[in-house]
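Once you've had a glance at the structure underneath, I'll fire off some questions.
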Amino acid sequence: MSMIEFHDVQKFYGHFHALHDINLKIDQGETVVLIGPSGSGKSTLVRTVNGLESIQKGQLIVNNHDLSDPKTDLNILRRDVGMVFQHFNLYKNKDVLENIMLAPRIVSHMPEKENKEQAMHLLEMVGLEKWAHNMPSQISGGQKQRVAIARTLAMRPKLILYDEPTSALDPEMIDDVLQVIKKVTTDSGMTSLIVTHEMGFAKEVANRVIFMDQGRIVEDDASESFFKRPKTERAQQFLSKIISH
Amino acid sequence: MINIFSHFSSQLLVGLGWTVLSSVIALFFSLIIGTIFAIMEIVPNKVLRTIGRAYVEIFRNIPLLVITMFFYLVIPMYVVKINGFTAGTIGLSLYTSAFIAETVRSGIQSVAGGQMEGARSTGMTYWQAMRYIILPQAFKIVIPPLGNQFVNLVKNSSVLAFVAGFDLMYQANSIASTTFDTINSYLVVGVLYLIITLPLSYYMQHLEKKLA
Amino acid sequence: MKKRFWLVSLLASLLLLTGCGRSLSDQSVLDNVKRTNTISWGVKGDVKLFGLIDVKDGQPKGFDVDMAKAITRHILGPTGKAEFTTTTSQSRVPLLKNGNVDAVIATMSITPEREKVISFSKSYFDAGQSLLVPKNSSIHSVKDLNGKTVIGVVGANSVANIKKVAPKARVIELQDYAQAMNALKSHQGDALTTDNGILFGLAVQNPGYQVRGGTFTVEPYGVAVNKGQTGFTKAVDKAVLEMQHDGEYNRLIKKWFGNVPGFKYKELYRK
């Protein structure tokens, strides 16, 4: 069963054509990594999936909701589609525990006791149970991102979107976060769509790699064969540059 | 100055009382009205946004005296009789609310963005995100500029003098014109305004530090 | 700490200010105006019949203005110039004391309180305080004012007079006659009180309102100058007397008040 379907999707910012003829199908349980040079449209594509960006043409169906239909209730869609941001976007006015518990309480109306148990359990999983009562401003970037992942998991989503989750982190923090993402994607059978520049990590977790350039999907292949032999010259160039770094 | 105060102390205290009362009422209503219109200015709904924008632009760009005169002279002629104090306080509330709306709006917009996307992507509605995430942070940010608005409000309450609202400025005019001691009359009243505005300024600074 | 120092020194300097600015009365206004061949007059700008700015040329017109021009001519001769600054009941004394104008001729009654701070010429016009009410009003005289709201103008002695004749009336003071008239129209008060001459002017501009109850005070209008300027007041008195003798005074009375309905202008004639 498919989780995400793009049919001839076009996205414009004014006159700028940000996404060209996107056709893409992602099945439930897949872990898909999106790579490409900056400005290639990866983030834009990911953000259309939960409706943070609107599309101008084509059809986009996510978890059986049609995002091209203006009557679709995005709030309902988003309960099942989590998102992890480059800059974490933790609620600055809430402590770590509240960041995790707020949405289950006011969106899913989860009983308080169950909600708290779940939140503590998730904090343990990301290794931050000691920080439950700290404010976001008191923890490091890597810790913030792990809290953000726990916050997303608390809604028990079917699909998680990761928009460059380690790009804003100091190098020594990156590994911890990647370990958590890896655990989440392999343990759960959840669908994941990950925008990243971490090629080693991409190789490790992805079933499938999508390479984008200038708003188009240039290559879409199984992870193993993509990293061994990219078919297009553009992808070859990109990989050689990244790896020689 | 001391002479003026001791001779006219009861008249001045009455003025002080009306000034404080008008300021407190206007502060309360302008904060509520201002916040409502600040939110209206940024909601996704275009009609509400236009109404919010229009309200702010109208009341921010018309002199307070004109708004007050409208309520003092025009409304009683066609709608309902309101006295000078009420007219002045309504004018003051509406005028100040437009500035508070602008202040709160910019506060909301400086918080929104990432915080809004973070909240919305967990399935919260726009209003839930506003209530739980955006507004609490926005109010913290706008405390210093709001403090300025409140001090301005107290000073602007002198508009009551023009519609016989019995406030400090009204008493100053009256005392100055009976004693002809213009300088001292206005000096006394200036000091009385300071007695209201200085503690207010210090309180807002204290609040800012406490919440920071 | 620093902040507090500034505050204290600011207040201290404000207090010092109050002690200054008393040198103007030392100079003779009469000598000054003769040297410059110009008298600078404070007049009303919003009072019909006495001093009202004409929207066509921006100049004040009225009985006070014509009197000022005639007095100037009598004191300085035919080449003498009269300059006009419009004042309100509230601003006329400060403007005079600060030296912005040489003399004030602006519907100003001679009262003992005012004579403590400024000097007056002899009366050049005898007004009396009265009431302006809507034509359908139940107020017929000052006796009907108790419990009612009476509108006056800041700086006019009419407010104090009302408190004497109708102690239970509520009095509100507005900034000038135009605003007071607007407030009366907006039912912010039941009657407008000031001198009859001014009220008749308002009644001319606002049909539907009339002057009622006769005069209940005597308000002799005088030309005001700074205290101690007796040379100037004597010159004014002499000029007014000359105008009365040669009939110019009565011509001005007739010019301005001859057509006002209900106003017995001939009672104001002087010989």
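All chains are identified by letter, namely A, B and C, in their written order; residue positions are counted from 1 within each chain.
In this text, a residue touches a chain if its C-beta (ideal position, glycine included) is under 8 Å from a C-beta of that chain, and two chains touch if they have at least 3 such contacts.
Small disclaimer: the values here were computed from a predicted structure and weren't measured.
K.L.:
Just to check the components: without chain B, which chains are still in contact with one another, directly or through others?
P.N.:
A | C
K.L.:
With centres defined by CA atoms only, which chain is the most remote from chain A?
P.N.:
The most remote chain is C.
K.L.:
Taking each chain's centre as the average of its Cα atoms, which is closest to the average over all protein Cα atoms shown?
P.N.:
Taking the mean of C-alpha atoms per chain, the most central one is B.
K.L.:
When the centre of a chain is set as the mean of its C-alpha atoms, what distance in Å lies between chain A and chain C?
P.N.:
Distance between chain centres: 80 Å.
K.L.:
I'd like the Å distance between the centres of chain B and chain C, where a centre is the mean of that chain's Cα atoms.
P.N.:
Chain B and chain C have C-alpha centres separated by 37 Å.
K.L.:
Compute the distance, rounded to whole Å, between the mean C-alpha positions of chain A and chain B.
P.N.:
That gives a centre separation of 45 Å.
K.L.:
Which positions in chain A are in touch with at least two other chains?
P.N.:
Where chain A is concerned, no single residue meets two or more other chains.
K.L.:
Which residues of chain B touch chain C once you look at their complex with the stated criterion?
P.N.:
Those residues of chain B that touch chain C are 1, 72-74, 76-77, 81, 83-84, 161-164, 170, 173-174, 176-178, 180, 182-184, 187, 190-191.
K.L.:
If you look only at chain C, which of its residues touch chain B in the complex?
P.N.:
11, 14-15, 17-18, 89-90, 93-94, 97, 113-114, 116-118, 151, 154-155, 160, 172-175, 179, 182-183, 185-188
K.L.:
Once bound in the complex, which stretches of chain A touch chain B?
P.N.:
The contact residues of chain A facing chain B are 50, 52, 74-76, 78-79, 81-83, 85, 87-94, 102-103, 106-108, 148, 151-152, 155.
K.L.:
Which bits of chain B are touching chain A when the two form their complex?
P.N.:
Residue list for chain B touching chain A: 114-115, 117-125, 128, 132-133, 136-137, 140.
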